[in-house]
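First chain A sits with chain B, and in the next complex the same chain sits with chain C.
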Partner chain A sequence: MGLKENLHKLKKKYEGKKMAPAFNALHTFLYLPNETTHSGSHIRAADDLKRTMNTVILALVPCLLFGMFNAGYQHYAAIDETLRAAPLANFFTMDNFLMGCITILPLVIVSYGVGLAVEFLFAVVKGHEVEEGYLVTGMLVPLIVPVDIPLWMLTVAIIFGVVIGKEVFGGTGMNILNPALTIRAFLFFAYPTWMSGDKVWVHGAVERSKEIAGGANLDAISGETILGSYAQNQDIMYSLQDMFLGFIPGSVGETSKLLIIIGALFLIFTKVGSWRIILSTLVGALIMGLIFNGVISAGWIEESSKFYGLMNVPFWQHLIIGSILFGAVYMATDPVSAAQTNKGKWIYGFLIGFISIMIRVFNPAYPEGVFLAILLMNVFAPTIDHYVLQGNIKRRQKRLKVKTA
Partner chain B sequence: MGLLSKKDAKLITDPLADDNPITIQVLGICSALAITAQLKPSIVMAVSVIFVLGVGNVVISLMRNIIPSKIRIIVQLVVVATLVIIVDQVLKAFAYELSKELSVFIGLIITNCIIMGRFEAFALGNGPWRSFLDGIGNAAGYGLILIIVGFFRELFGSGTLFGFKVLGDSVEKTGLYAYGYENNGFMVLPPMALIVVGIIIWVQRTRNKELIEEN
Partner chain C sequence: MKQEEDLIIKFATANINLYRIMSKDIKVRKGLDLRLKGEAEKAISNAPKSKTFAIKPSEFHLVTPKLLVKEGAKVKVGDPIFYSKANKEVKIVSPVSGTLTAIERGAKRVILKIVIEADAQQEVTDFGSLSVESSDGDTIKSRLLEGGVWPFIKQRPYDVVADPETAPRDIFISGFSSAPLAPDYDFVLKGKEKELQAALTALSKMTAGKVHVGVRDKKSSVFSSMRNIELHSVAGPHPAGNVGTQIGMLAPVNKGETIWTLEAQNLVIIGELLLTGRFNPERIIAVAGSSVKTPKYYRAALGMSLNGIIKDAGLNEDNVRVINGNVLTGVKEPMDGFLSYYANMISVIPEGDDYEFFGWNKPIFNKISTSRALTFSWMQPNKKYELNTNTNGEHRAFVLTGKYEEVFPLDIYPLQILKACMIQDLDEMEAMGMYEVAPEDFALTEFVCVSKQPHQEIIRKGLDLMYKEIG
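Coming up: the complex of A and B.
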């Protein structure tokens, strides 16, 4: 008797009971369900919702592992600046990885624990099957928060995001907003001091500044993000190679552009992520960057302006700083909250990129706008689809008239 | 209830729950979002609206047979405006700080849809006593939601109730704050008021399925 048979038996035993959805969820999570359709024609396909979700998670694992190394690297490099001289040699060390485990695994555990608990609760109360929707969200959440975010804040935010962002609309597949970004937005508006600034991106920096305030004789450590430095018109201490490979402070999983590109290729190749959205988002970002560069070279803005630093970033560099790439690949492509029509996807993606860079430059409090732009376009996605559909219907009606006339 | 007949009592109890102006009729949302960041302004607003609607309903009801139907909206506006000015002046005289805090929203009671709604729907067709009860009931239903929302927003947003630091001092790090608790800045922003009202609507309709609208 294996686990599988036992689970089948348990499922039979609890059929129709209140706890049935919880058992069924565990069952579907581990194995293929043993029911088959009995009548009528049906299509066999290998890619169910669970497989789609797992593909995205596979694409995210490199980012998570890199984020663990980076958490340790940023922590030790902030204490000992000499490490930054040779990032490649000092990056993939056991110390870094252990530090990453200590700081990031709790985020992952809390994310999945709390999120799945809410999902199970709703499934049991409402008596429907547990949906797989949280699998990807649970992986995305630890990757888009600062490494030192307190766990209770994450808990509150996840409960809010899953309940208000998803369950009130009817659960997986019905949500208007991307749940992971809803969680991030909640954190950002509720606890802004833990989501921005120059301390939260490096493990231990907040703790250290408290000790210094308490009178300890230590050097302050800071981990200003690249966007933060640009926003204050400061010089950047990281090379382009560092930015591309990801040896920079930032949210846990968004720093390595190389790994995100690999993940993007994987998603496009498996046809899980829409290449139209990814491409058009990047195009939108580049065009907005070009416009800002144009404003600079036309001399419309003084060097003393507070927007000068970010406007002056060469347009293509916008793609390798901040989280635009991560957002374009893993967030904007969420099949539920994105536009559904092909033409709609182009518009939707383009506006995300365009607005992201606009907010990035003009937001005085927080120099990044990718999550706000995606949430905004999530809201507009059905409208875009509506007009694309109507346009199509009108065109075909015209054609019909010409033919019949 | 000895004082009121069953029919009259319903005029007060219905708007408190199953016919609530905010959660069921979805009226008066604007002020409910704007002034509920703290408990004290919520209560002052609730009391003000109870006064305006209670007295206003009686006045309109007394005049209902002599108001020409063509100009009734203007007459109603004059009555509300008079009452609101009285409230505004009283607040300015006796609670200046609060009146500054509530700023235009006291004046905006005039435009609160609940008030004109009750004048039109009830006071124009019923006697003064019943109109009075209806006014008190509806305004109390409105105030009840305001106070619930204000309670949660002040507690979680600022960690205080009526300005008392019930959760400890956030600057000195006493009470809950000593354990790393922090105020939820989102609660102070108006969008969160909308979400709190939404949650109240959700809870209410889950408890009483009859309230769910067909669409």
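Coming up: the complex of A and C.
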């Protein structure tokens, strides 16, 4: 008796029972089910939702691994500034990786543990199969939060995000907002001090500042993000190369633009991610950046203005600072919450990029506008689709009118 | 005023007709050719004689059968067995002469199957021949109705047996099939030019519009030399051969219009009835699929038992699925089942009722996929595959977008129309183009669907709902 037969027997035993979805979720993780076609086409293509989601996860793994090294690197570099002189040499070290494991693996475990527990619970209570949507969400969440976020906050946010962002609408495929971003938004509005400022992006910075306040004789650790520095019209201490390769503070997975671009190419090549959305988001961001550059060169704005710093960023550099690239590739492309028509995707992506940079410039208190822009466009996506569909419907009506005229 | 309006209308319709008369070259850009193993070899055998025949009323969608004969009755070829409750004149006739031995019923006494035991000596009811050239449309129509070939004419909207009361705007026939393993029409229709011409001429008299025939090659098709038709060439991948695709690209169905569609093979039966006055149930079918030992063509008869043919062709394995029709749109049939009235082929493929270890994440080389998510069919576009009936995943909510559009050539939003059908929003369904579609148009979107949604079933239910509510 092999494993296959035993599992099959168990499946038959659980059939119709309350726990069947939970068992099936684990079973189908091991084995592609023995289900055959009942109506319509007798043959089906090889892809299923698990494979699709798995592809997105594969595209995210490099970002996660890099984020682990970076967590350690930023921590040690904040203590010993000399490390920054040669980032390449000091980056891929065992120390950095171990520090990354200690700080980031708990985030991953909490993210998957809590999120999947909620998913299983809903599946069992509502008696439907466990859908795979959370496999990607669970991977995204640790990548878009600051390293030192307390785990209980993350737990609360995930429960909120999965229940309110997804399950109340009917689960995977029915949600209006991107669940990962709902979690991020919850954290941002519920615990703003943990989501912005110059302390949260580097492991140990917050604790260190507390110790200093308590009278300890230590050097303060600071880890301002580039956007934060710009927003305060400060000088940027990182080179363009550092920004592109990702040796900078920021959310866990967003820093390495190189790896995000590789991930994007992988998603586009596998036809899992929508190139229309990725491209149009970047175009939208560049155009908004160009407009702001134009404002600066027209001299409409004083150098003392608080918007000056970010408006003056060369338009193309907007793509390598902050998380616009990460958002465009992994967040905006979520097919459920994005526009669903090909034409609509162009408009949807363009507006995300456009609004992201607008928020970035006009909101110096919290200069990361991507996630707000995506959430906003999530809400508008059905409206965009509606008008695209109206075009098709009008064409059909016109055809009819010509005939009956 | 009134006269002016009439003039304008006349002028406009004349223009439209002018525009429609032209023969066109269509190129289908979106679609997918599925290359499967087990293509039928171009050799025709006679199917072994069948003792039992059966007619399944469910094949004639939405026709509620009213029986005309009882169990034990003697029937000849061409004798009516039942008529449609909605229209007495639409009759389904016996494909064989013999004794009606059983009427199998299911839940709510729905008739599942009418079984007829064949006599040794076949007798045929003679309706007398009809001169197609000199007859008018109404005469031809009543002959087609009484001769029992009317059910071969289907209509859009709704993809049901045509309503004889409604005159069609146009008639569309696809002169080839692009479905997986489908028979080569030029091969099976060879030598039937006389019958085809008779049927086409007859059809041309029943519409104010045209009889449109789409073929691969305007020069070499059996339809090339036919008169009274409009010939169009259609290039591109499947579903180029679907009549729905050709309608959509030539002149889509508008609200309030009716068009008729026919399978090219059925023209032969219609033509023969008109020429000889006899209903000839004979048809050449392809028997194909990776489970068939010697896939080839058979000279078979409608409603005949499949036992003999399958035994003759041989099977490579035991656990197989027999399909009346092609693998995308056909109907599952038990091994000892019967040839459908509409089928032009029998497909036999392996059942896929087995688990596959880590089937969802390991690289896949032996299945077709339109993505490249560790699936590698894109590397070998000409490889032939041996696909089974496994769904390759579980049913899920719609998640991915933009996938269907790649294989769906009509100017309709497939995902949105499916959702409109699921929520039974009649206004939305109508606005998005339900009058133009048939379930078979959604066979490819169903094939590529990552969420394994039953597209054809959703569309069929949507059409049925519209038929019931709007008619």
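We adopt the following convention: the second predicted complex is superposed on the first by the 386 of 405 C-alpha atoms of A that agree within 3 Å, B and C clash if a C-alpha of one lies under 4 Å from a C-alpha of the other, contacts with A are read in each partner's own complex, and residues count from 1 in each chain.
Simple rule for what comes next: a contact is a pair of C-beta atoms (placed from the backbone, for glycine too) under 8 Å apart; a residue touches a chain by one contact, two chains touch by 3 or more.
All values reported here derive from a predicted model rather than from experimental measurement.
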item	value
Which superposed partner A:Ala89 touches (first chain B, second chain C, both, neither)	neither
Touched partner set for A:Pro192, first chain B, second chain C, both or neither	first
Per-residue contact with chain A, leading partner among chain C and chain B	C
Partner chain in contact with A:Met153 - chain B first, chain C second, else both or neither	first
Touched partner set for A:Val272, first chain B, second chain C, both or neither	second
Partner chain in contact with A:Lys50 - chain B first, chain C second, else both or neither	second
Touching partner for A:Val168 - first (chain B), second (chain C), both, neither	first
Touching residues (chain side chain A, partner chain B) in the complex	150, 152-153, 156, 164, 168, 186, 189-194
Footprint of chain C on chain A - complex, ascending	4, 7-8, 28-52, 54-55, 129, 131-133, 170-174, 269-272, 274, 276, 335-336, 338, 340-342, 345, 385, 389, 392-393, 395-397, 399-400, 402-405
Residue numbers on chain C that touch chain A, as the complex places them	8-9, 12, 16, 34, 36, 180, 252, 254-257, 321, 323, 327-330, 332, 347, 349, 351-361, 364, 367-375, 377, 387-402, 405, 411-413, 415-416, 431-433, 439, 442-443, 446-452, 454-457
Chain B residues within the chain A interface of the complex	180-182, 184-187, 189, 195, 198, 202
